[in-house]
Each structure stands twice: as C-alpha cells, then as structure tokens.
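Given below, in the form of structure tokens, are the structures.
What follows is a pair of complexes built around subunit A, which joins subunit B in one and subunit C in the other.
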Partner chain A sequence: MKRRASSYVLLTAGLLVVVFPFLWTLLASFKPESEIRRNPPTLLPAEWTTSNYSGLFERMNMGTAFLNSAVIAVALVVANLLFCSMVGYAFAKLRFRFRNTLFGLVMVQLMVPAIVVMVPQFVLIAKLGLVNTFLGIVLPFVVAPLGIFMMRQFIADIPDELIQAARVDGAREFRIFFSIVLPLCRPALATLGLITFMTSWNNFLWPAVVAQSEDMYTLPVALAIFSNAQATQYGLLIAGAVVVVAPILLLFLFLQRYFVQGIASTGLK
Partner chain B sequence: MATTLERPPVLEKPPPVFRKPRNSWVAWIFVLPFLVVFVVFWAGPLLAGLGMSFTDMRSTDVRDPLAVDVVGVENYLRLFDDELMRKAALNTLIFVVTTLPLTIALGLAAAVALNSGIARLPAAFFRLGYYTPYITSIIGIAVAWRFLLDPDAGPVNQFLGWIGIDGPAWLSDERTALPVIIVMTAWRSFGFDMVVLLAALQGIPKELYEAADIDGAGRWQRFRSVTVPMLKPALLFCTVYSSIGFAQFMEEPLVMTRGGPAGATTSASLAIYNQFGAGAYGYAGAAATVLFTVIVALAVLQFRIGRRS
Partner chain C sequence: MKKKYAIGLLAVALAATACGRDSGGPAEEAQAVDTAKASGSVTVWAMGTEGEKLDAFAQKFEQANPGITVNVTALGWDVAHDKITAAIAGDATPDVSMIGNTWLSEMVKTGAIEPTPADLVDQNAFFPSAWATGVVDGAAYGVPWYVETRAFYYRTDLVKDAKAPATWDEVTGFVKKLKDEGAELGVEQNFRTGSWQEIAPLLYQVGGDFQADGKWTLDTPQMVQALEHWGSFFKDGLAVTNQPTGAFPQTFVAGRVGAFYSGPWMITSMEQEGGESFKDKFAVAPYPKGPSGGTSLVGGSNMVVFKDKPNRAAAWKFLTWLTDPKVQAEWYTTASSLPSVQAAWQEPALTADERVQVFGAQLKDAKPAPAVPTWEQVARVMEVELEKYALGKQDSAATAKRMQEQADQIGTGA
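What follows is the complex of A and B.
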C-alpha cells in the first residue's frame, strides 16, 4: 500500500514536470508582450489578449502556412491509406517472385535517415522541376514503409477463406481488395491515417528544403524561419508554437478513444 | 509498435489454392507504388549521394552536369581536417551517449511506476500525459523551450532568482547549451520508451516473481534478476531505435541555438544541412555517407552485443 502511494506521488510530480512547458507556454501566449517579460512572472494572464495570435497571422502569413500544412497532410493521408494497404495486401496474401526480397527493401527504406538522401533527393526534384511545389514536398512520402508494415501485419490476420471464397466466385483481385479487404481494414486504416497525419504535420527537414517561397511554407518551416529572424518576439513566437503543436495534441486526445477501441475490437496487437 | 515487430517476417506457405502463380502479374501492380517510389526517391538518391561524394558538385552544377569533376576521396580527407565537422561529430557522440541512457532510465522508471499496481484510469491518464511531448512538432517544442530558458523573460531563471540563484544564459553559454538540448530531448522522448517497456513489463509471467519471493529475494534483487533480464529484448529495441534517431538530431539546435555558441551545439546532421545550404553538394554527400555508415555500424554492433550477452 505504501509503495503504491509513493508511486502516485512520483507519477504526479513527473506529470507536472512533463506538462509544465506546454501549460506555461499556452498561458503565456495569451499575455501581452510586456506581461510575458514581467518579473515576478504571472501564471494566469492578468490581462487576457489574443493579440499575439492576430499579430502572428498578420506578420507572417500563418494562415497560408496552416493551410499548406493541412493540404499536404490530407494528401499524404489519402495516398498512404490507398497505397500502403495495396502493397500490404500483396505482401500478406498474394504470391509472387521476389516477395521476401522486396519486403526486405521496405525494411531498408525504413532505416535510411532523411538527412542522408536529402541532397540527391533535392537534385532529383530540381531536375523534375518540382522545387517549391506541393508535389515535390509530397512525392517521396506517398507510401511510407512503416504503413506498409502495419497494413501487412493487419491483413495477414484476415482469414484466407474469405478471399478464397471470393476467388472461387470469380472475383478479380482488385474487386476482392476494394470490396472485401479494405472494408475489413477500417480500424488499421484509422490508426495509419492518424500516424500519417501526425508525421506529415510535424515534418520539417524535407518541406524546409523544397519550399522556397513564403506561400509554400508549412507551419514548422514558417515558424523556424520566423524564430531565426525575430529571436526575441516571444509573444508572436510562442503563439506560433501553440498553433503548430495544438492541432496534433487535440487530435491525439480526441481520437485516443477511437484508437484504443479500434485496437480492442479487432484484437490487433 | 514493439509487439508487431516480434512476428517473423517470413510468411507461412499459403494453402494449395494459392500455389498457382496465376495472378502474379496482378501482385506486381499492387506493389508498384512502393517499387516506383523506392527506386526513384530512396534507392536512387542513396546511390547518387554515394557517387556525388566523390565529386566537386555544387548547387550551381544542377543545370550543367558537365561542370562536375571527379575528385576521388578528397571530400573525405577534407572532412577529417575540418574543425567544425570534427566538433559536430564529437557533439553528436556526446549527445547520443548521454541522451540515450537518460531517456531509457526515465522511460523505465515511468513504466515501473505505472506497473506497480495503480488503478487503470489514472494509469491511462499518466501514460497519455507522458506520451504527449513525443507526438508534437519538434520545431514548436524548441521555440517554447527557448522562451522558457530566456535569461530574462523565461520563467526558469525567474524561479531560480527567487531562491537566490543567478541562472546562466542557458543557450548562449558554451557549457550549458548542449546539456539543455540533451535534457529537452530526454523529456520529449522518454514517453516512447515508457510505452514499449510497459508492454514488456506486463508480459513478464507472475510466476517468476513468486519464485524469486520463495528464494527470499528482496525488492532490488527481484528487479535486477527478474525484471531487467526479462526486459532485455525491449531494452535492446529502445536502444537501437533511439540511438538511430538521436544520431540524426538537428532541429533542436537549428531552432534553439543555430548550432552555437561557437559550434557547441552543431550536430553532424546540422553540419550537413548547412553544407547543403552553402551549395557544397559533393562535400555534404561525403559527410552524409560517413554518418550513414556510422549509424548502420552502430545498429549492427548493438544487435551483436545484445544477442551475445
């Protein structure tokens, strides 16, 4: 009993430390610049203001960056849901030569660090005339190796009899895939969609390399550039940090339930 | 995520109906998206980067490939003479060997505390809270931390001032800049290790602890001779996975210090990124090749050691 109580105390103290940076920054983003710098500091804003946020959207085209991030993330979610499940289906249920070799290549791509291939990738994108375009930002990530891996694991658990029966009935592979396999994959697709959105929203390196003009910046790129240019404008900067971080936090808190449900209802481990 | 990795990658033989390779061309259509993207955007660039590292290619040569000259291993030799590159390599090494144990220790402590019989709902709540830094944008996090650590406006030094400590200029002091980034990274990453280790902890059979009790083992002994050995695969996974990620750290110094002061926080990846920005493609390619080699060697070495002991 005593041990359990000390666990609670430790965990609560730890949680406060972990959450403090989020909480303090969030509250400070609603203070005027003068109050942010005041010593002794205030926890709750003495004077609530949204001027940091409105200033942000005026000063640095935050609206455009937000939209760019959203468009890119949604495009990547759609592409990955389709492609990863197609490829995962082939690896799980179809027989073809070099299947295991090819699956090994999926693992290889999973391990290649982004910075290592960045320069030649950029040269390639430049040759294709895709610098400073959405397509250039999106293309290398339309079928993520981790997504293929996830979908293969999930589809492998779908009973072969279902697919066999459809085949005996004369259904073609594409029909089997779209009308039998995909609907059964809904929980895995939800998880994959969530992870893809998160990864894309937070991605920095590649968008920073491909996007060259302000109208193409994603949120992290715009914030990084703004933070290097305006190092001490804390009001605007931390409002920017909140705009980048909050959507993913909300999505995670909100979809956590569905996430767990999806896992529980299908027995997916 | 850890549990999905435990399944062997080779599938069982499909039932006889599947044996006929009647549909094998259809299978290739299904894997085509991966094949095209892998060859064009990953395998191609990986090989091209290797080739590029033996040339004097610069950003201006993208339009005019004939201007590129082969210079052999000159880029590599320059790399070892480059003061900043050596510093970046050293910083990366220090970063990995300090952040890694710190992150795993925090993750293990959180996992053990969560597994010590506390109720389900608070456990889920704590787990969620600890995991949040891991899923958020590193750029946003870095901006927030820079504010928290500002020598004047930041709350950290203001709190320290209350108890009579004159806090340092955390990010512009050569002695504190890298340690700050180390602590921030551990704060951000330990939630992942916690989730992996918690799953492994819950998989340890109760009988092992009962047997240890019968043998009269104390709490610390139980931890050392039952928990830690049983956690070995999960710990190995965390070590390999995290060290691959940590060896590439870049966004944190880019936003918080721009690699300064005096190169004190310049990482290998950041140095490559800067060379790319300066247009020295061949040189950046050589540095990237070295980094990749080190990362692969590190992963292989860890697996070897982990398997042997």
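What follows is the complex of A and C.
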C-alpha cells in the first residue's frame, strides 16, 4: 500500500514536469500578446482572449494548410507502411545476391543528414516538373531507411517455419506477405505509422522549399510567416503550435498501446 | 543547428550552380527592358509581414495596369534563404523576390539575378547607403525596397530635461543618470543573436570597417576601440547580461531599462506594448557621435528580378511602381516599412511623427554590412565571440583576435 502511494507521488511529479510545457502553451494561447511576454510570467491568463485563434484563422488560410498537412501525412503513412514492410520482408526473409550490401546501403542513408541532400533533391524534383505539387513534397519520403530497418528487425523475429508452411501450402510471395507477415507486424506497423505521421506533420524545410504558392503550404510552413527577425508574433505562433500539436496528441492517445509495444519489441525509439 | 544547415546548404548550392556560369570579369551589363508592352503574370516572393500585406497592396498596381497580374507568395524569414537558394539551383525561381540585403552578393554569384537597367531605375532617387546594398562588383541588382537603420531610443520621463546625448562621452553620463533615476538595468545592449548590429555602427563611428581590399579587418585598433566602448557599459553595470531572453522590451516599458539602440519598427511595437499613454514617454535620437562621426548601420530589403523569365518587362514595371515615392509612402502606412526613396520622406505620412523623421536623418549617414557571400557566416562567428566578451569571459583584444582568426578561415568568398 505504502509503496504504491509513493510510486503514485513520484509518477504524478514526473507527469507534471512532462505536461507543464504543454499546459503553459495551451494557457498562453489564450493570453493577449503583451501578457505572454510579461515578466514575471503568468500561468493562468489574467485576461482570457480567443483573439490569437481568430487572428490565426483570419490572417492565414489555416483550413487549407491543415488539410494539406493531413493529406501529405496520410499519404506518407500509407506509402511507408506498405513499402517499408515489403522491403523489410525481402531483407529479412528472402535470399538474393548482394542482400547484405544492399541493406548496408540502406543503413548508410540513415547516416546522411537530410540537409546535405536537400539541394540536389530539389534539383531532381524541379527537373521532374514536380515543384509546387503534392507529389513533389511526398516523393522523397515514401520509403524511409529507418522504416526499412525497423520492419526488417521485426520481421526477422517471425519464425521461418510459418513462412515455409505457407509456401508448402502453395502460397506465392505476395500472399505470404499480405496474409501471414503483415498481420503479425501490427505493433511495428503502428509504431512506424506514428513515427511517419509525426515526422511528416512536423516536417518544415522540405515542404517549405517545394511548396511555392500559399495554397500548397503545410501547417508549419504557414506558421513560419509569423516568425520575423524583428517582431515575432508569439500569440499567433503559440495558438498555431496548439493547432499543430493537437492531432498528434490525439493520435498518440489512441495508439499508445501499440507504440509502447512496438518500441519494446524492436528496441527502437 | 540552423547555422550549420545554412553553411552546408550554401556550400552545396554554390557547388551545384557553379558549373557553366561565370561571374568573373567586368561588371555585368544590364539588358534593356521595354515596360510599355509589359503584360502577363508576375510571381513575387516576399517575407514575413511584408509578404502578408503585399498581395492586397499590389491590387492597386493591377488596376493601373490591366493585363498584368501579380501573385504574391508569403514565406517565413526562417526558410526564405534556403528556399531561394534551392530555387536558384533547381531553376524554379519566381519572377521577383524580396531578399535580405546581406544575401545579395551570394545570390549574384550564382548568376541568377538580373542587373538593374539604368534607364529604368534612377539611382539618385534612393538613399546612397540603400543603393549600395544592391551593388555587387560594380553592377546594381534589383532595387532597394525598404530600409531600416538603427538609432538611439530613450525614456524622456525618467530624467528631468532629458536631452539626447550627442557624443560617446555623453552617452555614458546619460545612462548613469537614467540608472540613478530608477532605470536599474541601464541601457539595453543585445549580446546574443544579432549582436553584430550593435557593434557595426560603433565600428563605423571610429572610422573602422569589417573588411578592406577583400580581406577581413576584424582585429584592428578601431575594432578594439568599438568593443571597449560597447563593453564599458557591461563593465560599469550600465548594461546587464542577467535578464532572460525576451524580457526586453517589456523592461523598457516598465522603466527598468532606460535606453536602447534599435530600428524603426520599435516605435510601433513600443506603442503596442505600452499602450496609448506610453507614446509620449520615449523619444528617438540619432546615434551619439564617436570620434569619426555618427554613422549607423543600414539594412532592409531589396527586390530582385530573376533571369530568363518570360515576363521580365512586367516584373521590372512592378518594381518601378514599388519605388514610386507616393507608393512608397503608402506602403509605409500599410506595413511601417521605411521608404528607400528619398522623395517619399516629404510625404505627409512620414512627416507626421518626428521620431520617424529621426530615422530619415540617420539614413543619410549610414552604411551597409559588407556585401560578401560569406557575411552571414562571419556574423554568426562574431555573435559567439561578442557574447563571450559581454559575459566577461575574454577581453576586447582577445575577442578581436578570435573573430579575425575564424573569419580568415571562412574567407570572403571572393
């Protein structure tokens, strides 16, 4: 009993530390600009206002940006779940020449910072005529090396006997993949989906560079307009941050169980 | 992190565009433009508040010029540099873009920017200091769109008969007096991001400069002198380093900070922060004069036209419209951006507030930051060293020496 009580105290304290920044952000989004920057800072707004939110939606086409972000994130999640698990399956269970070399090449990509390839990548996308299109924003990320690695590690743990049994029963590779392997991968897929969604949802630089008109802007790109060398409008930015974070929080609440399982079984964070 | 990104990107962007384009040799010749037959649509990129407001503002231009449409895309300052360099590398630029005027030389080197036709744009209409920000290797590119410069802000209500200090010596006494009257934090001196802008005017005021003959001159007696003056406020407790980031400008409104140096945008933001009654409690004065005068730093933004665009005539027509004195004054009332065209300062919109007029006067004695491709990198290095200096971790001589060493490694990109 006593131990339980003390662990609750500890957990509550930990929770407070973790939740506080979110709480502060949420509360700050209802404060007027001058109060946000007041020193010493206030926790509860002295004066409640929704002007940050109304300003946000008035000055920016937030609806469009939200929709763009969502379409891109969902497209990337679907693509990554499908392709990463396919490639991961091949690396884990199929035998072909140069398998380890190819896998090594995939791993090398993990070590190349995205920024280094950004300009050449942009030139490529521009030559393909995909600047300012959804496809241009999505294409470089449809198969992520991290996803391949994750799925390979997970699928490698699936017993070979299961696959061989299916093969003996006459199943082709696609059948084995979709009917046997994929259903067993659910925790890993949930983790990969969540990671992909979060990365895409937060991705700033690439969409900002490829989207050349405001109707193609994603949420972070649209919000960046408010950040200025001289006069950053914190009220709008904070309200925007709440709008950006809310879907991820909701998603996490629903998928939390899988997320934890996935991390435990793949040893990845 | 971002700094490293920018450096990496710059290197890649330069490497990617270096092939086949030659920017050496004599100054680039501008091609003639016939704006009479201009038509088509012009895509314009503009940053921050200006970007948000320009789209609606440009409708007046469209009404006056049927056949031309202007599409403005607003982008954030954070990404603007990367986005434009990537667009240049990928040959996917807009027709016109606003650029921070320290970026110009780097972008001109890629060969993607059109020189300004002299018969279309009259260089004498602009502040010479502003015009200079658009000149690279003897050729002018684009037009200065708006300018900003720094001046001295101070509280008028704290000291009796407050008279703005005219010289470096007077400033020290003035800040002491402010401090005695309750402005416990003295003068606000930024020693973090952007701190080079504090040093630049002081360096100019002792007759120094950041570079000479294509070499960095950061370790000079003048630099040390400028650093000493700036540092003396920290040493004497007349400027503090222990305030959290973002505490200013609230501290000025609250009367804890008595003075600071900044640009014209602070007038509006002061009035917003302090409310209606605060309007009369502060004033703006030109920079106090150093041994060699009171030169300030000029910044701002230029509008440039990219090469090989089908609608270049319409693009240049839009730029000539943007730099018309009447339009510039109107733009000031829309976005509080100071006109780069001298005649615009006679318009009622600008003569109404004498604080604004101080900036007009200061602009006549102002000088831009060095126009070299590596300036942004060197500025970052300076900021790091200036912070150490302000915090008392190294003396002025060591600061100057370290800035010089690192700047030499970066080079001038020439």
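The rule is short, and it goes like this: the second predicted complex is superposed on the first by the 215 of 269 C-alpha atoms of A that agree within 3 Å, B and C clash if a C-alpha of one lies under 4 Å from a C-alpha of the other, contacts with A are read in each partner's own complex, and residues count from 1 in each chain.
Going forward, a contact is a pair of C-beta atoms (placed from the backbone, for glycine too) under 8 Å apart; a residue touches a chain by one contact, two chains touch by 3 or more.
Here the structure is a predicted model, which is why all the values come from computation and not from measurement.
Trainee: Going by the touch definition up top, name the partner, subunit B or subunit C, that contacts more of subunit A.
Mentor: B
Trainee: Does the superposition put A:34 against subunit B (first), subunit C (second), both, or neither?
Mentor: Touch partner of A:34: subunit C, not subunit B.
Trainee: In the superposed arrangement, which partner chain does A:224 touch: subunit B (first), subunit C (second), both, or neither?
Mentor: both
Trainee: Once the structures are superposed on A, label A:21 by its partner contacts, choosing first (subunit B), second (subunit C), both or neither.
Mentor: The first partner, subunit B, only.
Trainee: Look at A:83 in the shared chain and tell me whether it touches subunit B only, subunit C only, both, or neither; answer first, second, both or neither.
Mentor: In the superposition, A:83 touches subunit B alone.
Trainee: Quick check on the superposed pair: does A:212 touch subunit B, subunit C, both, or neither? Answer first, second, both or neither.
Mentor: second
Trainee: Taking the superposition as given, does A:140 touch the first partner, subunit B, the second, subunit C, both, or neither?
Mentor: After superposing on A, A:140 lies in contact with subunit B but is clear of subunit C.
Trainee: For subunit A, give the residues common to its interface with subunit B and its interface with subunit C.
Mentor: On subunit A, the overlap between the subunit B and subunit C contacts is residues 37, 39, 113, 115-116, 118-120, 122-123, 126-127, 204-205, 209, 223-224, 227-228.
Trainee: What residues on subunit B touch subunit A, complex-wise?
Mentor: Residues 3-4, 7, 9-11, 14-15, 17-19, 21, 23-24, 26-28, 30-31, 33-35, 37-38, 40-46, 48-49, 52, 62, 109-110, 113-114, 116-118, 122, 126, 128-130, 132-133, 135-148, 150, 152-153, 155, 158, 161-162, 187, 191, 244, 247-248, 250-251, 254-255, 258, 269, 272-273, 276, 281, 284-285, 288-289, 291-292, 295-296, 299 of subunit B touch subunit A in their complex.
Trainee: Report the residues of subunit A in contact with subunit C in the complex, numbered from low to high.
Mentor: Residues in contact with subunit C: 33-34, 37-39, 59, 113, 115-116, 118-120, 122-123, 125-127, 131, 204-205, 208-209, 212-214, 221, 223-231.
Trainee: Spell out the residues on subunit A that touch subunit B in their complex, using ranges where they run on.
Mentor: Of all residues in subunit A, those touching subunit B are 3-4, 7-8, 10-11, 14-15, 17-19, 21-22, 24-25, 28, 36-37, 39-41, 83, 86-87, 89-97, 99-100, 102-103, 105-107, 109, 111-124, 126-127, 139-140, 142-143, 148-150, 153, 156, 160, 164, 167, 172-174, 177, 198, 201-202, 204-205, 209, 219-220, 223-224, 227-228, 232, 234, 237-238, 240-242, 244-245, 248-249, 252-253, 256, 269.
Trainee: Could you list, by residue number, the parts of subunit C that touch subunit A in their complex?
Mentor: So the residues of subunit C touching subunit A come out as 5, 8-9, 12-13, 16, 43, 47-49, 51-52, 71, 73-79, 82-83, 85-87, 89-92, 94, 194, 244, 246-247, 250-251, 263, 265, 269, 272-273.
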